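You will see two complexes here that share chain A, one where it goes with chain B and one where it goes with chain C.
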Partner chain A sequence: MTRSALLVLADGRFPAGGHAHSGGAEAAVKAGRVRDAASLEAFCRGRLHTAGLTAAGLAAGAALGLDLHELDAAADARTPSPALRAAARRLGRQLMRAARATWPGPGLDALAAAFPRGAHQPVVLGVTARAAGLGPEDAAHCAAYEAVGGPATATVRLLGLDPYRATAVLARLAPEMDEVAARATAAAREGVDALPAASAPLLDITAEQHAAWPVRLFAS
Partner chain B sequence: MHLDHGHTHHGAISADARRPDGTRRALRVGLGGPVGSGKTATVAALCRALRDTLSLAVVTNDIYTREDAEFLLREAVLPPERIRAVETGACPHTAIRDDISANLEAVEELEDAVGPLDLILVESGGDNLTATFSRGLVDAQVFVIDVAGGDDIPRKGGPGVTTADLLVVNKTDLAPYVGSDLGRMARDAAEQRGELPVVFTSLRSEEGVGPVAAWVGERLAAWTAAPAPTA
Partner chain C sequence: MSLRATARIAAGADGSLPVLESDGPLALRRTRAAAPGWSRVTVVGAMSAPLGGDRLAIETEVRDGARLRVDSAAATLALPGRDPAPAAYDLRLRVGAAASLRWLPEQLVSAHGSHLRVRTAVELAPTARLVLREEQVLGRHGEPPGTLVSRLTVRRAGRPLLDQELAYGPGAPGGWDGGAVLAGHRATGQLLVVEPAYGEEPPAARPLGEHAVLTPLAGPAALVTAVAPDALALRRILDAALAELAPE
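Here is the complex of A and B:
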């Protein structure tokens, strides 16, 4: 594995479309559930251990080389919100584009051929990690970090939250991100049927509501 | 931009001049500029001026609503399937410069859905004087400022004013009311831009967008005259 490739892939500036998504933070801010660093931390912790864990398992599975169609179907089954399924496929397409330009190779080409309308983003993330010479743990770490990094950045923009305090939230969650990545990877080694299926119903509900807002800053 | 012709393509990457089936894609022209300078009005006027002779489509990058897209729909400048809105996560310049993936998705989806297209206009959300388009997204870019925003903007320069392929100074009809000196703006712009063209427009009149439409026509002629891209 190359540690620097992991940094390139996990960098928030990696041009794969994530900047336009809040991971549910915009709806939570509007509802008053996220209003400061403490409530951001609670939101991120909840997302990490639910949607984050599930995404990390799918990413680890794809990086391990599990069947991509089975993984994508598993992702669909774990994403009850149509708005979030659409967002995940769109982000998957965007990541696939960036990944193919960054680490070109037969694995990503095959994925693009098999899923011309895009696979779920965590599945693409895992294949990308593999193309970058990274392992399943790395893919799971990226997914776990994305699960909290997106909402934290969005909250800085939405609330004018002190960026140092938002970043400190991420740092405090680091041990839990490691734990989630380890659990996800261990499950992926057992096969697709063993992948985590944790979900956050409120995130699913508010994602559907958010998708219907006429005025919003973020795509999801 | 890396482009390895050795591997199979499924979907173009970035600024490839051809589509996956080997045909030439549409010319992509970006329109940027500060809030309220008349970008959407310019796009609407261009659509009206060019839609009878060209197959065209528009991508909008609204900051927080679908308002620009809806304005174009309301004005019925193009059929709805030829207009797409990209959401930018509070950062319009990111979506046109640093992470162009959503805009590339939009232009390619338009070509797939309503193509073949001659021209796609990509309108930026109103931003600041430093916002420019990535060369991976557009082939040429127009920067729209207006006389009411201050006649010192050309002198101040910045990447948009200095490097855009065409600088449009809009709302010239307002110059007498806001005390803007068009001659000074033209001189300052020429100093900042050297050989790059500048046009002055007022979209109050029917033919107001003419100079911009003529420039787009020249770019399109150059684009189609270029040697066919190799598959």
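Here is the complex of A and C:
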């Protein structure tokens, strides 16, 4: 593996469209549930251990070479909100375009051919990690970091939160991101049926409300 | 002293209950069904369990063409026991071809100091119908909650339809009470309706007030997800959804 490839893939500037999504933070800000650094940290910690863990498991599984159709069906079953399923497939398509240009190879070609409408983003992320010469732990780390990096960056824009404080939130969560990535990878090694399915009721509830807003800053 | 108990139910298409086995604190009673053609079983007496270390299970088989409603006489109260190990409650539900199951128990209350793992595993035939309600209450009145990890896995025709795990309480990973997960709400629940006809015409996603949502799943099923300040407010939301989606 090359550590630099991991930095390229995890970089917020990697052109995969993630910056357009707040990970539920926009709805949480509007509802007053995220209003400062402390409530952002609680939001991100909850998202990390639920949606983040679940995505990390799927990504690790894809990087390990588990059956992609089974992984995509597992992702559907773990995503009851149609707005979030649509967002995950849109992000999957965007990541696929960037990844095939960045690390072209048969793995990504096969995934694109198998899922013309796009696969769930964590599945594409795992296959991308493999194409970049990275391992399942790396894919899981990327997914865990994305789960909190997106909401933190979005909250800086939504609330005008001090970016130093938002970044400090991410730094404080770093040990838990490591734990989540390790847990997700260990589960993925047991197979698709053992993948985590941690869920967050409020993320599912607010995703549909948010998708119906006539004007919003973020796509999800 | 922790205990192990497995109760078993099987329902037949002729309205019979060929298997109805109580075990330990899980006492099963055949009760009078409100709808013609249905069998009904009520779980009584599970009130004081599960305690720490207990391993309880209910296995339910709804055979081809059968229609069964299962409910409970009272809320299930997870309590701390002398055994520090988590208690386990396993529900294994199988619904056969053209069979229907309405699984409508009372709430699960996580008392302070309790630690319970619930696994609900449902296997559905392609033509099976299911109505399943789950309600979790975080502590008795005015007390902080115990720890609960509750996994719900539903497979239809061998494929995953819904797979979710909720974790809260002092033994759960952090952030469960933050703005992404429960945000101070003290009750949460789900109502799942699996209906083969939804394959043609699924219900549209829509909010049910500010703290609940109706969502069509990727398969022929709809899920209501809700959070509420207390058990009563939660039940009101889920009852309204039940009356609309799957009246008895």
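Simple rule for what comes next: the second predicted complex is superposed on the first by the 220 of 220 C-alpha atoms of A that agree within 3 Å, B and C clash if a C-alpha of one lies under 4 Å from a C-alpha of the other, contacts with A are read in each partner's own complex, and residues count from 1 in each chain.
The definition used in the following text is that contacts are C-beta pairs under 8 Å (C-beta built on N, C-alpha and C of every residue); 3 or more make two chains touch, one makes a residue touch a chain.
It should be emphasised that the depicted structure is a prediction, and the values quoted were computed from it without experimental measurement.
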{"item": "Touched partner set for A:93, first chain B, second chain C, both or neither", "value": "first"}
{"item": "Touched partner set for A:9, first chain B, second chain C, both or neither", "value": "neither"}
{"item": "First (chain B), second (chain C), both or neither touched by A:101", "value": "first"}
{"item": "Which superposed partner A:184 touches (first chain B, second chain C, both, neither)", "value": "neither"}
{"item": "Which superposed partner A:82 touches (first chain B, second chain C, both, neither)", "value": "second"}
{"item": "Which superposed partner A:198 touches (first chain B, second chain C, both, neither)", "value": "second"}
{"item": "Contacts of A:132 with chain B and chain C, given as first, second, both or neither", "value": "neither"}
{"item": "Touching partner for A:22 - first (chain B), second (chain C), both, neither", "value": "first"}
{"item": "Residue numbers on chain B that touch chain A, as the complex places them", "value": "1-2, 4, 7-8, 10-11, 13-14, 63-66, 86-91, 94-95, 98-102, 104-105"}
{"item": "Touching residues on chain C, where the partner in the complex is chain A", "value": "151, 153-154, 159-167, 172-183, 188, 205-207, 210-213, 215-219, 223, 225-227"}
{"item": "Interfacial residue positions of chain A with respect to chain C in the complex", "value": "24, 28, 31, 33-34, 39, 41-51, 53, 73-74, 76-83, 85, 176, 196-205, 207-209, 212"}
{"item": "Touching residues (chain side chain A, partner chain B) in the complex", "value": "13, 15-22, 90, 93-98, 100-102, 104-106, 109, 112-113, 116, 154, 157-158, 214-219"}
